[in-house]
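Naming follows writing order (A, B, C, D and E), and every chain is counted from residue 1.
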Amino acid sequence: MASTPTQTPKDPSVFEPRIVAFLCKWCSSAGSDLAGVSRMQYPSNAVPITVMCSGSVSPVYILSAFNKGADGVLVSGCHPGDCHYLKGNYFARRKIFLVQKLLSFIGIEKDRFRMSWVSAAEGAKFAQVVEEFVRDIRTLGPQRKLKAKR
Amino acid sequence: MSSILKKTDLGAWAAALEAEVFAPALADGVWAYQPVAPGANDGGVALTHPNTARPPKNFAFPQREVLYTFEQLKGQAPKLTETLPNPAPVVVMGVRPCDGRGAPRNDMVFTGAFDDPYYQSRRAKTAYVGLACNTPPSPNCFCKAVGGSPSSKEGLDVQLTDLGDRYHVVAVTPRGEELIEAGGKLFAEAGAADEKESQRLHSEAAKCEQRTFGDLAAAAPALKKNFDSEMWQSLAKACIGCGICTFLCPTCHCFDISDEVTGQSPMRGERVRTWDNCQFPDFTMHSSGHNPRETLGARLRQRVNHKFLYFVENNGTQQCTGCGRCISFCPVGIDIVAVLDRMIQA
Amino acid sequence: MTENVYLPKLARIASIKDEVVGARAIKTFQVEFPDGDMFEHECGQCAMISVFGKGEMMISIASSPLVKDYKQFSIMRVGKVTTAIHAMKVGDVIGVRGPYGNKFPVNDWKGKNLVFIGGGCGLAPIWPIIQTAVAQRSDFANITVFYGGRSSRDIMYRAELEKLRGVADVHLSVDQAEEGWEGYCGFVPANVMSTGVAPDNAIAITCGPPIMIKYVIQNLKGLGFADEQIYTTIENKMKCGIGKCGRCNVGKDYVCVSGPVYSWAQLKDLPQEY
Amino acid sequence: MVDIVNIRAHAKDLLEKGTVKMVLGYQRGTAGVLAEPAFITDAGQADHLVWDPTCVQNLALYLVNEKKAQSHQRDPDTRPIAIIAKGCDSRAVAVLLQERHFERKDVHVIGVSCGTLGVVDKNKLSKALNGRVATKVEPHGTDSFKVTTAEGFVDVAAADVLADRCLECACAYPAMHDVVFGEKHEDRGYPARFTALGQLEAKSEDERWAYWEGHFNRCLRCYACRSVCPMCYCPECVVDSIELMVDPTTSADEKANRIKWIERSAVASENSMYHLVRAIHLAGRCIDCAECERVCPVDIPIRMLNNKLEKEAKDMFGYEPGLDPELPSLVASFRDDDPNSFIR
Amino acid sequence: MTARRTGVFVCHCGTNIAATVDVKRVAVEMGQEEGVVFSKDYVYMCSDPGQSSVIKAIQDNQLDGVVISCCTPTLHEKTFRDVSTEAGLNPFRCEIANIREQCAWVHSNRDEATEKALKITTSAIRRVQNNEALTPIGVPVTRRAMVIGGGIAGIQASLDLANAGLDVVLVEKQPTLGGHMLQLSETFPTLDCSQCILSPKMVEVSKNKKIKLLTDAEVTEVSGFVGNFKVKVKQKAQYVDPELCKLCDDCTHVCPVVVPNEYDQGLTGRRAIFIPYAQAIPASFNLDEKSCLGLNPVVCGKCADVCEAQAINYDVKPKTYEEDVGAIVVATGFDLYGLENMGEYGMGKYEDVLDGLAFERLCSASGATGGHVLRPSDHKEPKEVVFIQCAGSRDPENHCAYCSKICCMYTAKHAMLYKHHVPDGQAYIFYIDIRSGGKGYEEFVQRGMEKDGTVYLRGRVSKVFEKDGKIKVMGVDTLAGRTIEIDADMVVLALAMQPSKGTADVAKTLKIGRDKDGFLAEAHPKLRPVESVTAGIFLAGAAQGPKDIPETVCQASAAAAKVIQLLSKEQLEHSPAVANVRLSHCTGCEMCVDACPYEAISLTGGGKAYVNEVLCEGCGTCQATCLRAAIDVKNITQLQIFDMINASIGG
């Protein structure tokens, strides 16, 4: 059950990463809804953007999110074979693999960019993915490499 | 009066200057003006460079200049904050004569009916210590053809001439004198022999073989005459419209002004001025899609005419100093000397 | 240090009027300068208008220099900044710097017949002269205005033009025949031709789409106008407005400084880069 | 050995018969030792053509430009264009065919084999000559060049002055051609493909960032790397989103709604964005002609970015660009067994 | 022009949202956003007064876009889009910001949750401000249906459809209708004879004028879209003309070829010319071209010689039919998990280790042994038979992870049937659990234990091997905690059910999805269990997952009802949120064409991409593939995503 909301002000010394999470509508967004219905608790750092399919996530979105100051970017879609659109996630997998390799090649920490498969049934997995991602990024600290310096 | 500076004392001089000092250094395979670390000793600065890839124009005219910032809360008037630069003094060492001549030409652009406060506040703090060319640093040098010379002092504050183990140093401007003064004992008075040697090198260099396109005075009329010539299209046929030629030119000054939004709530951002380029297709394109300089030929013509016709008409001198960068770096070998040659002959 | 030429003054939009609606919408904005620190301008001059966060654009000042409490701009929605300003409301604040460019030598035209020939958005740059001439009606001889739009819905300053009929000879036209339209049907240059204007003691001022200007000039020449009697304005893309950014030049001339006003005598010798 | 005389004769023949409207090739230039592009439309000019190790450019770019120009012409000459293509260049033509930029019949590929050599790197050459200026470079045997300078002839080992890409080239013999000059050499005896890349990959994350940050910082955003690339033919590049509009019919809304993925300021963040987007957009399309790297006035090792993705595509997806114009593109295809383990 | 008058409505959802998110602050701060002219919070936005207040606000403020910040769009997107329509606002100008499931319910720190709610809502505002007003695309309908698979599922669906007055094309791969049900002897839980209840239905199909039956046929190509499919069906050469065949059986007597009879699970042989079952529909002999010697070059020709009806013609060619249909029911059924996979139980190695279907054939009166249960190896009556349940099921490590659902029941049935055939025999059943949910099912199992003395042993079989003419079964009884050894005469494996062979191809041809086990995937496991992910294609029977006959029939009728519902409309509505090409940017590279999962894109003569809006499902794969930003899905364009990214990062 939902725990009673806390009012504790944020501890400014704790680094709160800013994460953009692209969730496909049919699996991962539905999975996150399930996490909600099950009142699973996870950190609030990842702001979801629901897209139709993980296959619609253009590499440019990911790069742009980093450019605009995201500390981490998550792309989550249906498991292979489960794509609502049959194979959108296979295209996504290929593209995202390349983006990940590229980012890591220029020296962006690998853990800042993650892809996961979360089905509509995997509320707990969604919560866990976010939890772990936020934890990993907390240890990495703010992303300054690609962020526009202003 | 002139003086002598031992080459090994160059670093010490740099350190003695109350300014940020830059000198050409090879970094990642590219000759570029790099900050001279404070306290750099003899090894730190050595003026052994060919001409740098980028000219020193950015010291007064950086590629990006924030003109002001703005911020606007919803329902309120925007607030503007002027961001005039107030830089520390800068001394740029090792400026080649052609690049030296770039400075006064840029001054002409950024002063006049409308003074440009950004340029001027940087320019006022920038001093150029030039290095005369004993031999042409590039096979595409043509300073002589455009009224310069390997030992031109135009635009410089101090001129150095390489005498082997030492430099012959001449103050060109009062600021130059100050700089030499700041070096104090590092400078010795030049003897007659040194002065003579320096002169000999200058006149030797003046005889060097360089590229040329014939009579400079013929260029402007030829360009005027050939404005509608078919030749422009064929000369520009290989051009890829990249703009290297103008970005690297010491005198090209075209820029763009645009807004870069840095935050949404409240809306805030910067109005920035950035280098722009007459070779880019969007440079002159109107909103309607109409483009007065639509073709590569028209854009090549603009570049050449700007330097050898319009600038002459407006300012009485060419806007090219013969550094040869646009030739050496053009990916496809478009060659302003050859272009002028063709135009003059046509 | 002199005043920073890049820094605009802030101005408040005092009124907005829809001139033309649809795909090529035109709106007229009257703007006030809060601390009364408005600049003076001359007929034909322009100003750089900023919508912060979007950018700057050069716009003709469409009010007469005699008007001292606001400046007027008529702006067609064509791109980024124009779209942004079209979305603004009365009370919103924009930036204005200027005035830029040369001017129509209106003082030299005292006592002459003035023929204005405009099309589309091209009424804006010549409107200040019309307003000035009307305000100082006795200084000028006949005033004739030709103006046309694609259709009657594209005619800007409609009400003002109607009002003008008392003091000037107004010939409105639409490109294509249209129900209820009593004026001329056809293009502006043809209207000029069919109505006919005498070149004697006259100055013709034309502004509009490039193609219209071309034919108007051709026709005016046909009617016997000398090159010196024909004036127009040219518009090239501009970023600085002060002759530095390097893109608006036509030959050696930076239009933002030496233009936008040209007599045909001057213009015909310049390269065709506009 | 490729004898230019044969190429000239072939070009002349094509032009005389009118089977092609133009021969894209190389000619001597005035700007330096590198050959410059030649656009030969007249059989009489075929003798201007040269072929030597200074013919560095990938002329496929001009096929693209010609096609673009044609689309604006009312009554275009639709005869094919002949192009002199090295191995790498011919792969560029193949990618352009794959992307339906033009059809096979629109181009007549005059393949030239680089044999055991390749083209020179201008910077390496000037280094090897120690300040002397080359005026001519000719092949000399199978592993060196004869370089002419004002001071006389110098023999330079090919390995010292060949362009990086040539040192690792796996396609020195043009796979796709209508005619081909020169022979095929299986073993060229240079380092394996991606050797240089491997050295960079071996560095630590922080070292790699330091490396790239330094390079990206320096970028002028002149876009020469893009302008020279035959694959960068998009009507509007992400970096143009600042202002360029592509078409007089573009509506006000479209212009007003242009996405500013990248700001105009040439600062590290925006420059990185530019280079990363470009690299991703060239994944599976870049054929490693290395033109982008060659033209960069500030020597940014752009090729490495493309190389990285090329290698990943090859290793992980078995994909090599420019070999089969009929295959769907790298990112427009997938295999069920593409790597999955990187996903959580 | 972009939307400029946006309204924001923040829901408390009682305390569901309000307890964690400061909804008042969200409403106030959103009121400050660019373009937002109205913003309020309310305790239950979806309640009647809540909805009315949205309508009123839209009308009073001439809102041209609204964002409802509430629960997941799955719940109330439709509600609020209807509300918008009612208020005169295009429904596509309404977006939901999910601040309940994705925010309030999963966070507990009020400040953090509020911050996130602000970002989620801003993101939705930015999106809605660039949403186009769209109208659904109307598509005309072909009032005809196709059913693929002629098992009981396909038969039932076809009959339901035909009886509703629709024309039906029924495509069956085998020479006869009936599917696996025709192989069964008696069926649980009533033990009525399978063929007796199936045959009348098969006959009904053959008699129904509305049904066009194509046996020996397979679907090779499907194009088009819901309401308007074009299907190519390829039928094998019909060497025996069913119209002429008199079922005299003269031909089989002269045929020199004998091959195992797959319809008897290989327990018997058949000729190259044969009839699968006596009840086959179409009622005709068949020539199996793989084993016939008479085809090309003619070396045999015996059967044609004896056929008095002259029904046999070796020269006929396969036929291709092109059928226009508005909807498709896929009922391609199941196959048993391959014998070859069950080596550990001696399957395929020992003749007397059988699968369930073979056992059905042994029990069936029309089967291999004329209804006597005999060992295949020596035709002796087996006295001790071991049945092993979950053979291949529920074993994620080695075999199938899922439960095949019906094996508990049919094994109980088998034990029972066995006892009826061999009253002095003993049946043992190894099981993990007994799953007997269903009307009368548990009673059925109990009856087997009590009346027929079936011995249930809970545990896994560890080893099966032949020794001295017996099959030794070693196992553990986990309840008693002892090892068990049985010298059996016969072992019957309740093999897992898996999608029939070729399901993958069918799914590919039809562009419908499969689940992780290869069964055809339903659009929603609970709410849309008979729809595939592709509009207009429905699922029935064991092809969608293991099920027994009653369930199969249920689903078949349900699928038929869906089709009837679909085809009862004059026009279909297709979502207008489809891909849209910016012609100025498209270079015709065809990358989107290759990537589109629905083959919705083609290239026009002018070399530009063209989207068939009716085929496009709006997935956006093309959008992410096109390098030139030339293709965008409406209302989730790159510009909108860009704005949403910015909003999500904040600042």
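Operating definition for what follows: a residue touches a chain if its C-beta (ideal position, glycine included) is under 8 Å from a C-beta of that chain, and two chains touch if they have at least 3 such contacts.
In this text the structure is predicted, and so the values were computed from the model without any measurement.
Common neighbours of chain A and chain B, listed by label, are D, E. For chain pairs B-C and C-D, the one joined by more C-beta pairs in contact is B-C. Each chain gets a centre from the mean of its Cα atoms; the one farthest from the centre of chain C is E. Chain centres here are Cα means. That of chain D falls 50 Å from that of chain E. Remark: chain A and chain C have CA centroids separated by 53 Å (rounded to whole angstrom). Chain A and chain E, compared by their mean Cα positions, are separated by 31 Å. Centroid to centroid, with C-alpha atoms defining each point, chain B and chain E lie 72 Å apart. For chain B, the set of residues that touch two or more other chains comprises 256, 258, 260-262, 267, 285, 287-288, 290.
Of all residues in chain D, those that touch two or more other chains are 238, 245, 247, 249-250, 252-253, 255-256, 261, 263, 267, 331-333.
Residue numbers of chain A whose C-beta contacts span two or more other chains: 59-60, 64, 87, 91, 95, 148. Residues 200-201, 205-213, 238, 261-263, 267-270, 272-273, 276-277, 279-280, 283, 305, 308-309, 312-313, 316-317, 330-334, 336, 338-340, 342-344 of chain D touch chain A in their complex.
Taken in their complex, chain E has these residues touching chain B: 29, 32-34, 122, 646-647, 651.
Across the complex, chain D is touched by residues 23-24, 77-80, 82-84 of chain C. Those residues of chain D that touch chain C in the shared complex are 245, 251-253, 255-256, 258. Across the complex, chain C meets chain B through its residues 1-2, 4-8, 10, 12, 50, 52-56, 78-79, 82, 93, 95, 210, 235-237, 239-240, 242-252, 257, 271, 273-274.
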